[in-house]
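Both complexes shown next keep chain A, but they swap its partner, so chain B is in the first and chain C is in the second.
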Partner chain A sequence: MSGAISFLDANLAIDLALLAMLVVLAAAIAMTRKLLAAILLMGVYSLVSAVWLVVMDAPDVAFTEAVVGAGVSTIVLLGAILLTRAEAEKTGWGRLIAPALIAVATGALLVYAALDLPSFGDPTSPANAYVGRTYLEVASRDTGAANVVTAVLASYRGFDTLGETTVIFAAGVGVALALGFGERAAPASRLMAGATGDHNVVLRVAAKLLIPIIALFAFYVQFHGDLGPGGGFQAGVILAVAVILHALVFGLRETMTAVKPSFARGVAALGVLLYSGIGVVCIVNGGGFLDYGHLFTAEIEAQIPPGLLGDPGATHHWGQHFGIFFIELGVLFTVAATMVTIFYGFAGRSPGGEAKL
Partner chain B sequence: MTDALPLVGGGLAIAGVLLVLLGAIGVLRFPDVYTRIHAASITDTGGASLMILGLCLIAGLSPITLKLVIAWAFIMVTCPAAAHALANAAFSSGHSPWIGSFRIMRESDEQAAVQTGPQTGPQTGPKKPGPKKPGLQKQ
Partner chain C sequence: MSFLLDHLNYVAVVVLMMGGLFIVFSSGNLIKRMVGLAIFQTSTGLFYISLAKVSGGTAPIMINAASKEGQALAAELDLAYVAAHGLDGVVYSNPLPHVLILTAIVVGVSTLAVGLAIAVRLREAYGTLEADEIAALDRETPKSTGAGP
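Let's turn to the complex of A and B:
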């Protein structure tokens, strides 16, 4: 089956095609004054970059880009569009000079910096020669996670990931401060009614079919994160998408009865609490913050049957397994609940202004 | 035989890609929103189905095939539903087909219209004079 084109050339051709698409899309986004079209093009941009990341062998990042960039952020931006006008004002060329200069200068600096980067996949580059190589060698033995990305994110660099989770939580708090929790959702909100009426029976049936499957897929991504691409971030966003789809089809009121805004914000805080709580438990048991080797005391560790999670010859501590499991759960809680809170904040408002009830 | 399957699969995948390409051309070239939805939705579903079938043949009997079949089922639900939602939204917001105008239904008499179906009004001022196909006009 080996064709005339070698594997590397085909990869290069795909890279070039995808990058050309990204350039065209970026230009189109910058040129259009229709905000609706710009948002949809940004979704397409995210999807194409996700495809490109898959080609670059980064499925975890691609997954995140696809669900966050193409999925949730498009919906949130569409929710924002509902509250404002769908067309940008015309800007005179004179006012564009300074931003254009800054953009060009930044772009030139980035290109200049990129020239110094090691070539893609270079085995002698610092990232691949020292720390990355060490991770690849010891990650599976240390943590028992087959997906090294998960091991690095959740265990070795657990503190960074705690920071990221907190950033997402803070974003949710920020949106809630600016727009409210959506609890006193305006009856005039254009998402209040959803797709009611006989016209939309197809939508409702399809959504009823899809929502459980999407939620189930979220949990698959969550608990499969040790083995393949995925983890708390992606799973959280997918779970939030299931809730948002419910809101779009069945109306905000129904969704807020099922997933109360107070419940969503509570779970968002609970996720960060769970994550940092695991870290504190590790301190209490004599380790460092998020040092999963000390998650369980020696007595508890001795009571866990050796074959519990299917690898009887495991040399690592059980704390690693359970530590990663719990902090991924915390990430799932925070991400899913924060996304829902942000969506509620946008969707609960009417175009007129302050939500009243 | 085992060598032929990946070839057939590749052929099917390429056929799917060509179908999607045709759909893209149709979206650009067709005159109004309904025909464009038609071009986009049918080629999307059909092209993706062909591609997935081709990939199944290339992958052989493996967990990958199972995942592909699940993805196909997902596409078979979402694509037609999305096309329906799009067409429904276009109809509700009063877009006229290229061949002539529906009498645009307002929300007040929507309930009545649901029972009788969309009524075609007299062809008052079609935007472009097009070939009027008698089969498309309900009386």
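Let's turn to the complex of A and C:
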């Protein structure tokens, strides 16, 4: 067992160093009154926690945290302070005592409870020994996907993921209801013009080079999701970031000509429809909702050439394979289009409110 | 000492959670509160992922134990340990919490956007983002619905 311990120690040192950085960053965010600083520190916090997640063997989650935490949520927060004010009021020392006491009391109770938890990294802990273990044993055989996280996300817990996709769509609708779709974008919106002028040439050239590569990378992440880290959620956010980068550099008006707000909201709804449509097709073909084994009838399955995905000798789970493919596509549509819709909502507004017509 | 090391990860996550909770309660500014809530939420995710870690494990993406990577991983570990907790010669971490947290992060940014959108509307209606000033304005004009034009 000595080999295991030395391996663990090296891992543990990196793990604790990163956690210490996170604690320092959280403290810095708590102390600062400048909202811009707090938001940028939050981006750094997300990146550090993404690195920590890689150390914890969770590359899929790390990927998501990096693109969402450091990318989209920073942009949304910046959009919000652009419309409001970049500084918080000073809070008196006396007002900090009660919150500090509440936080310390809650923390103390949780630490007391945490000491009863199984040791960190225990392979026989209840969390690791039963259902997670079973997924590892059966996922690859059942679905043909090497990445167990994708198999669980898209197949075993497909219903759960449908709910989450719907929540994201609903959040997009919520932002649109509060801030509008950005269609009648106020001319006073600070993002209307983009980075014009001679001193932004480098920015424009670099963005022009980067945007196609970012979009291409999004599709790689999307279609490679069952073999390596990635999938619809990550790819959707990366694709949205390509659109947002275009808007930041070339101006909102240019971007809205390329990706119309009405197109974005249509695609967001289409994604949820595609996802639940796959579920209904499974019911029509005699299975349960999202039961990919019944996605294709036997006649259709017989017509799929055995060499379609390479190696003709290997067993292919066509229903599972195409089921995961299509619902991941639905997730991509909804996530990417919702993020763009949210961005349009924030960016299309002027600081004083909607343009008085 | 070993007992403390075994649980240090959980304690660190609890400290992060305390930081988030403190920001939510202490800050009057609505956007700062949202940032605190995001830290709080991330700490919950980190706790789940901590629980999912298996000593000497690797990411839950199936690899062949006979491949170079598989052998390099196995070389770090005891044979009996791999036989007891591994799958076809490779030890993997638990994939299930990864799935839960992955989707929770994306849902988290969507709900953050909704919260910020409401904060922006509040600022337009009240001219401030400080929770106590908004409450004071509400007390002054009890008939007002607080909604913008």
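As a convention for this text, the second predicted complex is superposed on the first by the 321 of 357 C-alpha atoms of A that agree within 3 Å, B and C clash if a C-alpha of one lies under 4 Å from a C-alpha of the other, contacts with A are read in each partner's own complex, and residues count from 1 in each chain.
Here is the rule we use: a contact is a pair of C-beta atoms (placed from the backbone, for glycine too) under 8 Å apart; a residue touches a chain by one contact, two chains touch by 3 or more.
Quick caveat: nothing in here was measured; it's all calculated off a predicted structure.
Novice: Using the superposition on chain A described above, determine whether A:213 touches chain B (first), chain C (second), both, or neither.
Specialist: first
Novice: Applying the touch criterion given at the start, work out whether A:269 contacts chain B, chain C, both or neither, answering first, second, both or neither.
Specialist: neither
Novice: According to the stated criteria, A:21 is in contact with first (chain B), second (chain C), both, or neither; which is it?
Specialist: neither
Novice: Looking at A:138 after the superposition, I want to know if it touches chain B, chain C, both of them or none. Which is it: first, second, both, neither?
Specialist: Once the two structures are laid over each other on A, A:138 reaches no partner at all.
Novice: In the superposed arrangement, which partner chain does A:59 touch: chain B (first), chain C (second), both, or neither?
Specialist: Touch status of A:59: second partner only.
Novice: Identify which of chain B and chain C touches the larger number of residues of chain A.
Specialist: Ranking chain B and chain C by residues of chain A touched puts C first.
Novice: In the superposed arrangement, which partner chain does A:37 touch: chain B (first), chain C (second), both, or neither?
Specialist: The answer is neither, since A:37 touches no partner chain.
Novice: Is A:203 contacted by the first partner chain B, the second partner chain C, both or neither?
Specialist: Touch status of A:203: first partner only.
Novice: Could you give the residue numbers on chain A that contact chain B in one complex and chain C in the other?
Specialist: Residues 1 of chain A touch both chain B and chain C.
Novice: Considering only the defined contacts, which chain A positions touch chain C in the complex?
Specialist: 1-4, 6-8, 12, 15-16, 19-20, 22-23, 26-27, 29-30, 35, 38-39, 42, 45-46, 49, 52-53, 56-61, 64-65, 68-69, 72-73, 76-77, 79-81, 83-85, 88-89, 91, 95-96, 98-100, 102-104, 106-107, 110-111, 114-115, 117, 119-125, 127-128, 131-133, 135-137, 139-140, 146-149, 152-153, 157, 160-161, 164, 167-168, 171-172, 174-175, 178-179, 227-229, 233, 237, 335, 338, 342, 345-346, 349, 352-353
Novice: Would you tell me which residues of chain C are touching chain A in their complex?
Specialist: Touching chain A from chain C are residues 5-23, 25-29, 31-32, 34-36, 38-39, 42, 45-46, 49-63, 76-78, 80-81, 84-85, 87, 91-99, 101-114, 116-121, 123-124, 129-130, 133, 148.
Novice: Residues of chain A touching chain B in their complex?
Specialist: Against chain B, chain A makes touches at 1, 195, 197-200, 202-203, 206-207, 209-210, 213.
Novice: Using the touch rule from the top, collect the residues of chain B that touch chain A in their complex.
Specialist: Interface residues on chain B, with respect to chain A: 6, 74, 77-78, 81, 84-85, 88, 92, 110, 114.
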